[in-house]
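This report refers to the structure that appears directly beneath it.
When the chains are written out, they are named A, B and C in that same order, and each has its own residue count from 1.
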């Protein structure tokens, strides 16, 4: 098990004003691991992963992505971000650009690829998420499931080492959840390091290596998947699972 | 230790890279060439005491000019001994408006009613004079008081008319609807000054030969109709933003058109657009000084008069800075007041 | 289907509760028109003023200080109208350009992370927005421009611009064979169309594309220059010269911008720019946080994300209210009457009206003119809104 530690959070604390939203978070993620983070709303799950690509700034503790420590002095935070992909609950596709342009934009402007190569790259990933036939359409013309798959392709086009998912299926109608989860499962099987905030427990059982349960800003329980579901230790975890499953 | 903090803060925020530093230096330069000279001119080197222009010996502002002419700037040529009447009217206005914050919604309607129907009469009686008080014709009204009188008249009368127009525009009756649309778009498409010219010069031609309508009144009515078109659009925005369900609910309770609008629709719609209405009022306050161009002696007119006085030549700057200060303060307070109102109503909703 | 709808409409409107208010409105409206017309006829007769628009052909008998076309007292009132209209359009045109540029810069500055810059621009907006425009115009005219150096001590910038209390002077550009430059511009425009067509085709086929915008700019500059060279277009700069007449100094020749024009232009630009700045700020802020976060998470830095993601979307929100501000600027240009700039209002509704007494006709013409300009700008706005609406299902 000589896997590289790609993410390390130690004693991370964050406050929104007076509100203590992350309390002494310790978390290590190894390459290729799939981690599911679950918990009641307001528990800090989204804030946690947003600290990893520094969309949120932590006040105490260390956040380390591979060799780089994330803090105020970090040079070119953009470089780190281009190695960590993120998929949002609200998709956040750029409405004024076609799907193809949405995907090719960052590779051509941030990685400075030629537009032609960027578009070829985009088409490959769009094919992987199975919407290459929608490439020239605009986000407003696509269904929710299609949009989220496009958003996943967009993040993948930067060829990140780590993918973060912030409740990717929570804003979808039920019949579209499966198509997105299928894409995520494929991605997991291909070896991507993934941290997913989600309530989709069936997906967790199939794909995750570890499951983390958060409540009120702390990591309450953290276990390999099988153990988490069969043998939860903490009372709060048990309560939460009984409400969801 | 505080200075150390300031330095680190400046480093990260103002001088983090060459681009930022250049901007910061430019800003600092702008502040240095404008602020100290202004403070020096307006306060440090300025003359505050005296009675004549010759009392101003320094290079700073000659505020003596403003002091000497103050009453004229504020009240125009209104007889000095009767100025208390103008002050009283404004006091009544301010009290009624302040009162409206401390009373329940139920009573607010009464205050609104008072403001629209009763207050104008009281104000007119006081300012114009009757019941044994000395009569002061409207042509003697002037200064800032005149500006405010016309602005307030404008807002009081443009409001009901604007609401009617907004309702008319949304009416299903075609003639009413198209009439409202044409009326609104007409008054919004022309500059205020053409309205003032029309009121001052053209309108007398449309009245019977031997009748005479007071010029101030004509101008006031012109301003009120002009502003009503803008209020109409603001209110229309509020009417449109109301969920359709409200209309459905009111109608299903058997309310007729007027009851529905008066009790359900308008109260909600108007609350939503209070900032818009406040903005229109502020715009009206800034538009009213235009009456100087049709020969009415409001504050700018008085300043122009004063600075042309042979004993007071060259005082244009002091006069305009004074007027600017007044308008700026009035405008700023009105807009922060409306923001507070907006916050109050939006939290109430929750 | 159409016919029965119309029939229903008629029936509905002839029900008495719907019919009555409409009938009353029409009745009283026409009654009012009739009343006014009757009075007007009587009054005009009494003052010996004829009605009708033929006065437009008669000589005006007054001069104006500033005109884009040749004009003096021997020209007709119709011509005076044109002079006023052109002056209004002139100051509006440049006012809109300056206000937009200033507005965008200030609007973006307000969102800057540099605290000095954002506070300073906030102060600028609060200051110029809350002061009445007429006061600002007076201030520029009676205070700032009055205090410029006297003619003999003029400020001369880069040997090009002369500034003194009588105005700003530019050299007059005198072209010979100017038509060749026009040909060059036309040729450049045609080439640009061809370029767009060709580059679209090329992109479609091979995925490569040409920098169309930069090339277009290049052509627009290059071709007129080439044509100018080939057609021997000549340019002389006639700068204003200082002459002295009985001890009084004056600049003659060149292009003179009178202080009336300048005061109006500066005040209008500054005042309107504050509203545009607020529109720009609101537009950029309206772009949801999620869009900016998506851009950030893809690795875009601030300026790239502004350029590629935020501003294209923000423009859709910024342009409609900004067009409204342009309209306000045109209407506000009528304040020229306060300082004697001969715009449409002061030349026509001011001087011409007092000369002829034909208040009704003149006010009517002036109002119609402004209305037409308003409607025109609104139409353009509607066309623009339809064009840029987000493509959706």
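As a working rule, a contact is a pair of C-beta atoms (placed from the backbone, for glycine too) under 8 Å apart; a residue touches a chain by one contact, two chains touch by 3 or more.
These figures come from a predicted structure and were not determined experimentally.
Look past subunit C and you find the other chains held together by touch in these sets: A | B.
In terms of the distance between Cα centroids, subunit B is separated most widely from A. Legend note: the chain whose CA centroid lies nearest the centroid of all displayed protein CA atoms is C. We define each chain's centre as the mean of its Cα atoms; on that basis subunit B and subunit C are separated by 26 Å.
Separating the centre of subunit A from that of subunit B, both taken as means of CA atoms, is a distance of 53 Å. Taking each chain's centre as the average of its CA atoms, subunit A and subunit C sit 50 Å apart. In subunit B, no position touches at least two other chains. Subunit A makes touch with subunit C in their complex at residues 53, 55, 78-79, 81-82, 84-86, 88, 90, 92-96, 105-106, 109-110, 114-116, 119-120, 138, 140-141, 151, 154-155, 158. For subunit B in complex with subunit C, the touching residues are 13-14, 20, 23-24, 27-28, 30-31, 173-176, 179, 185-186, 188-194, 197-198, 201-202, 204-209, 282, 285-287, 289-290, 292-293, 300, 304, 307, 316-317, 320, 323-324, 327-328, 331-332, 335.
On the side of subunit C, the complex with subunit A involves touching residues 206-209, 288, 290-291, 293-301, 304, 308-309, 312-313, 316, 390-393. Across the complex, subunit B is touched by residues 9, 13, 18, 21-22, 25-26, 29, 35-36, 39-40, 42-44, 46, 112-117, 120, 126-127, 130-135, 138-139, 142-143, 146, 331-335, 337-338, 345, 349-350, 353, 359-360, 363, 366-367, 370-371, 374-375 of subunit C.
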